[in-house]
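Please read the structure below before turning to the comments.
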Amino acid sequence: MTMAIQSTHTPKETVAEEPSAIVRMARMLWADKFALCAAIFLVFVIVMAIIGPTWLDELATKQNLRGRNLAPFMFDREWYMWLGADALGRPLWPRIIVATQNTMMVAAGAVVISAIIGTLLGLIAGFASERVSQVIMRLADVIMSFPSLLVAVIVLYILGSSILNLMLVLAITRIPVYLRTTRAEVLEIRQRMFVQAARVMGASSKRILFRHILPVVIPTLTTLMTLDFAYVMLAESALSFLGIGIQPPEITWGLMISQGRQYLTNAWWLSFWPGLAIILTTLSLNLLSNWLRIALDPVQRWRLEMKGPKHG
Amino acid sequence: MKTSHLFGAVLGSVIAFGAGIAPVHAASTDIKIVLPEEADLLEPCMATRSNIGRVIMENVSETLTELDVRTKQGVMPRLAEKWEQTGDGAWRFHLRQGVKFSDGKAFGAKDVKYSFDRIFSDKNVCESRRYFGGMKFDVKVVDDNTIDFKVDPVQPILPLLLSLVTIVPEGTPLEFVREPVGTGPYKLSNWTPGQQIVLDARDDYWGKKPAVTKATYVFRADPAVRAAMVQAGEADLAPSISQVEATNEKTDFSYLDSETVYLRIDGNIAPLNDVRVRKALNLAIDRQAFLGTLVPQDAVLATALVPPTTLGWNPDVKVFPYDPDQAKKLLEEAKAAGVPVDTPITVVARTANFPNVTEIMEAVQAQLQEVGFKIDLKFVEVAEHEVYYSKPFKDGRGPIIVAAMHDNSKGDPSFTMFFKYDSKGTQSGYADPKVDDLIARASAATGDERAKLWSQLIAYVHDDLVADVLLFHMVGYSRVSERLDFKPSIATNGMLQLSEIGFKN
Amino acid sequence: MADHLLEVRNLSVDFHTASGVVHAVRNISYHLDRGETLAILGESGSGKSVSSSAIMNLIDMPPGKITSGEILLDGKDLFKMNAEQRREVNGRRIAMIFQDPLSHLNPVYTVGWQMREALKTHGISSTQAQNEALRLFKRVALPDPERALDKYPHEFSGGQRQRVMIAMALALKPDLLIADEPTTALDVTVQAEVLALLKELQRETGMGVLIITHDLGVVSEVADRVVVMEKGQLVESGTVREVYHNPQHAYTKKLISAAPGKGEMHEPEASGDAILSVKDARKFYGGFEALKGVSFDLKAGETVAVVGESGSGKSTLARILLRLEEADGGTAKWKGKDLFTMSPGDLFKLRRDLQMVFQDPTQSLNPRMTVYQLISEAWVIHPEILPKAKWRERVAELLGQVGLSAEHMGRYPHQFSGGQRQRIAIARALALEPQLIVCDEAVSALDVSVQAQVITLLDKLRKEMGIAFIFIAHDLPLVRDFADYVMVMQKGEVVEFGTVAQVFDNPQKPYTQALLAASLDPDPDVQAANRNARLATAS
Amino acid sequence: MLRFIRKRALASLISLIGLLVMVFFLSRLTGDPASLFLPVEASAEMKAEFRALHGLDQPLLVQFGQYVGNVVTGDLGESLRKARPALDVVLEAFTWTLWLAVITMTLVTVCAIVVGSLAAFRTGGFFDRFSSMLSLIGASVPDFWLAIVAIVIFAIQLSWLPTSGTGTLTHWILPICVLFVRPFGIIVQVVRGSMISALSSAYVKTARAKGVKSGPIIFVHALRNAMLPVITVIGDQAASLLNGAVVIETIFGFPGVGKLMIDSILQRDFNVVLAAILVTAFAIFLMNLVIDLAYALLDPRIRY
């Protein structure tokens, strides 16, 4: 930090030193303690999603009709019983961890698929002729006003219920979001001077789109994707809750809430814990997305960098 | 357009704010009933469907006969006073006199004939028509109060069948109606779709005046909510609540609800075409363990697809014991005989088909896997379930078991056996000549002979054919406000006679 | 010591930024009396606006922090007042006008509403406010003042908006008017009018005026005294004449010497055929004719300056020549081929010969590419120019040519200063070895001292490489030192075309004369003479 | 203006036609309404009769042609299950949803603007941090989870409010409160962000230089400028409410269009599904027009 201060006083013809991107991001993350906690929590969730099923699948599916709806906080029992057990006596803690994988996979898959397709279409719509652009935009309108439940029922009926198809359903409904954002950004960026400069050099449309415009759009899209991840997770749980999403014996957090619903009055923990898992994860994603919005914006970045090490 | 009414209704609710949620009818003879789902229609000829029947069957629309389930007296007179079988198998019904429809018209034989004609009209698809599949009716009005039914083939249980046919006045549109007119003790006075249905007692009813003067039906999908409403005094009667909620002895009553849960086996496909495999399926399931856990304690383990109150129910047929070792042995035997027992079997179940369906099916899956079956459990929504459940079955399908629930509260197995076991039955997974023969003979028989044949069939299907995995005769729970005098019965599932409800003190 | 109207004593303000604490101003002191005009002169980053923000209580704290000093208004320290008292001072005692009136006027309210608000905030009744607003609009000579009150800011021209700002500032007859770069974004003729209006109003009201500017010309036109700021410090102060004629500090000297328009004028030397021959170029935007038939020739190694005020069509000309937009008529023969109708293949080849340097290097350089990527992109697109193995070497060479060093290759544009960025942009244009470079206001956004450096660089390149330039500018003095020919444009038409000497020394058209007259000379004596001459012709 | 409306209407019409075509054909690929309407024991003949009665036995293209023909004359067909015009069924449900959406969005808008503006005024202050956390949590909670928790607490445990359904005003409280949470969380954040940039804008500086008080600076100068992005988000949120808060309506037994939609989809009541889509699409089109008008009203630079 001391160096940086000096740099403002260094002679004119030298250039400000800058730490590498990773170090910068790490510093900015450190500066925002909420985002830091969120990031740590999300890393934990991702690790659980990866190792959870292989590690705990057996525990999570072991039924015990005599220990059904076991209450939580019985700390004298095995650790996995601390959050209680479900209607088949399966311990909730391992079940939530095992469900992490499906929940995360569906959301991640849907976000990635919709982001890729939406961004590509958005780039085309922003750069192609008015007519092509109109066709794409009307298509986006159609998808936008297509009730997502109907999409779900149609896709799941025709293709069958599976994780992949559920991803597809959610991805379809989210494409317009990326499409519109990307198009709006492209329309703005293509007017910028550096794009014109590239055209003056003779750069092809493809080069301009992918080399000049896309990198500028990506921070916005990253932020959007983080936010959308949370949205898709909620949408997935809502679908599972309505019984047209993931079907047992597969599990997701949304499905767990749905299954616990009938025991609400006498075994609240069945729905409560998975609900809490959803809240914490979406909250973390929202926090991280807010942080990203600032961290990736050169104009606002100082807010975080300023808060960095206090004795700079 | 009705929109303006609705704005009015919403405004009305603003005014009703003052009323709050306090029970407004605490001491009156008006009651409120909370049902799980609203009827799409209130069409009399669809009254055999439970969500319609619970509102209008015998309340608004009456039938010629009525099956008594409380005192087990069999078929009782309602709009018909008496009936007899004439020589050639035809039936003559003598109708009650002085009966009036709620629109003021007098009831007579022509209305009965019209009701029958309407059911068979091609302007509608009345559900009750399904009970008369393959029959030729010749309905003749003898005089105002006498009517002859000549049916080909001869129907020994015609009086029972007529308990399913609601009578509408002559001139009722052939298309479905939404405002039924009937001879019952109540008339429909208000129906606000999505909100409530109101029945008011009629002054000019022919029979005994019921205690309940006005019944308001509201609809809540969530069983916990229904139970809570009665508890909070928001409603007086919730005919079905979940077992979990049924904790109060004073208000919560269980009843055998005529629904039978079973696993329908498609016996055409290997390895399910092998009887040892089917027996192993049966032996692998610990039915007893479900009772009091996922299935109500009072549920009855099933040995037939019809409940014990049904004609010809066979007490000698015993439930398969839980014997995983035997099941494993049978599977090994079958394997040794070249049966591909390792083929994964798909178990298809319907979401929200019956209470705890996911948990029950997951438990069943676990138990079957325990003895060595490879089970893919698949939950589908209602439309897809129907594709697996009913014929035509898909070509090239793998071994499929369908979890389903069957309802027969009519007292006679003929409403079940043909559909589920006959080679031409729409949900039948078998083509067994002996079964076909027994069904044909039993359907045509009367009296003890009929009961005996049904008993034989039930034993054969269960013990020899091992046609399916019969699980439970389910139990329903009703929550009844303490001010009401009402006990639910096996009929409560499909019919809720307001006249059976009284008030304490 | 007698009380000055305003006295700033030992003011220091810090800002907390990403790279640590920046001392925006350090220990500066100045004063201002009634009826007097003080100019604060400085380039970007000098901290010249900070003290005025401190006076108006406009510094956001944090990130700003006033670390020392006091500001006395009629002897009373503003910093000792509470927020409510400061608010009362603002508008009533001290008013302020800003550089960019479009963004400083609330876009969603009518200017009349904003005028009345200023009055009503300080306790003037609605009807009175309405009358007063009307009177002021008349006073600042806004056309059709009654209707102007009901218009929104975007419905005015730049000069009119500044008049609105002035009217609003003067609403409560303040004792002190702070004008922060009040004419920077305006055309020279409009600038002259606005400055004249300010002086006139000052004479009427006797207020003190604190004018903040980077332009020596503005200083010499309006100020009595000047303080010069550099990097947060006050380096020189005195009367305008003293400072101009006898600068003490090295920085002041540099500033004065960098002022354009005093060097040798070029005489065109190039001979031979024209490489570019534009005939009757036309461009329409809807029904609006932006270019009404422009023609000129350009020989190899020659420089044509295109000068005109906003809306003259000079940038449109650049854009159609580079095919960023399509011309609607005319021809432009580049070595015999019409580049308006060229096939895409030919156009692609042409891109090598014809390059452009844009106004704002911050925007014309992709922020997410390194200097190496920016420059070598030329060879990615036109691989035949240079084999990949030699790229690094050549980038280093080009950077050297524009006065940067090879080690800058891996950096990103935002790590450079404005002048350095424009050098990178020039290096990028050079990478294609062009024969003609179009500079669209290429130095307008730069500080005066940097402007001079960039112009020197361009001059060097022209001499060494024989590159021809089309140099677009709105400022006449700027092109005087650099161009061979000057083309003056107004409303899409060429008003006057001639060698530099012809146009500057002997302008033929009234518009050219007006432009020249409106240009402000940094020498206060020359400027005073000009002004008197202008007044003489006007009356 | 009229030209603008016409242009927008045309674009919407094109999308709507595309939507109808897709829904019409795709939904008919998802199974047979006859076997859903009739009991499983019903004979094949009965099912055939049901199909004939509703024209479902015709080739798809013929069905589509007839449907389009009817739609043009304003007839959206009969519900396959309810023996009444699909449009009546939908409008009835839509009225409920409309009320719910209007009340909720009004509350959300007012609360979010006040909270967001105050948070933006003192960025980093206690209120800002508190409301930011609150809004973030609000935007993160699954509404169905919140709904069932709210029912358990307020209706079942405390018995303060009715569990579900309609009838009195108290029935509206829980659904509105639950629906309030997520849009509120989202809009507060947008208001805050938008207000922060508006408050740091040049014209606010001018206002401060004029001596304008903080109140008018926030709510008169900055707010009106900050409203444009806010209105866009309000529109998005309102649109999703108008589409029917399916889960909430299901849980609270609220007879709105979302519940109707899911029921009709599951029962394959095609005509009702199509009518519901048409009605909501039209309502959303109108709402977008209103939003465009609001843009023009708020910002004089926008003219159509």
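Labels for the chains are A, B, C and D, by order of writing; each one numbers its residues from 1.
In the analysis below, a contact is a pair of C-beta atoms (placed from the backbone, for glycine too) under 8 Å apart; a residue touches a chain by one contact, two chains touch by 3 or more.
A quick note: this is a predicted structure, and the numbers were derived from the prediction, not measured.
Common neighbours of subunit A and subunit B under the contact rule above are D. Each chain gets a centre from the mean of its Cα atoms; the one farthest from the centre of subunit B is C.
In terms of Cα centroid distance from the overall Cα mean, chain D ranks first. Ranked by the number of C-beta pairs in contact, the top chain pair here is B-D.
Centre-to-centre spacing of subunit B and subunit D amounts to 38 Å, using the average Cα coordinate of each chain. If you average the Cα atoms of subunit C and of subunit D, the two centres end up 50 Å apart. Per-chain Cα centroids separate subunit A from subunit C by 45 Å.
Centre-to-centre, using mean CA coordinates, subunit B is 86 Å away from subunit C. In subunit C, no residue touches two or more other chains.
Shared interface positions of subunit D, i.e. residues touching 2 or more other chains, are given as 30-31, 151, 156, 250, 266.
Residue positions of subunit B with contacts to 2 or more other chains are 222, 224, 228, 381, 383-384. According to the touch criterion at the top of this document, the contacting chain pairs are A-B, A-C, A-D, B-D, C-D.
Residues 134, 138-139, 141-142, 145-147, 149-150, 153-154, 157-158, 230, 234, 237-238, 241-242, 254, 257, 261, 264-265, 268, 271-272, 275, 278-279, 282-283, 285-287, 290 of subunit A touch subunit D in their complex. Considering their complex, residues 56-58, 60, 87-92, 95-96, 98, 100, 103-110, 117-118, 121-122, 152, 154, 165, 168 of subunit C touch subunit D. Against subunit A, in their complex, subunit D makes its touches with residues 11-12, 14-16, 18-19, 22-23, 26-27, 29-31, 136-137, 139-145, 148-149, 151-152, 156, 189, 243-244, 246-247, 250, 261-262, 265-266, 273, 276-277, 280-281, 284. Interface residues of subunit C, counted against subunit A in their complex, comprise 16-22, 63, 322, 324, 347-348, 351-352, 354-356, 358-360, 363-368, 377-378, 380-382, 403, 408, 411-412, 414-417, 420, 425, 428, 432. Those residues of subunit B whose C-beta lies close enough to touch subunit D in the complex are 1-3, 6-7, 10, 13-14, 16-17, 19-21, 40-41, 43, 49, 122-125, 127, 129-130, 133, 175-178, 193-196, 218-222, 224-225, 228-229, 232, 234, 381-384, 386-387, 389-390, 415, 419, 426-427.
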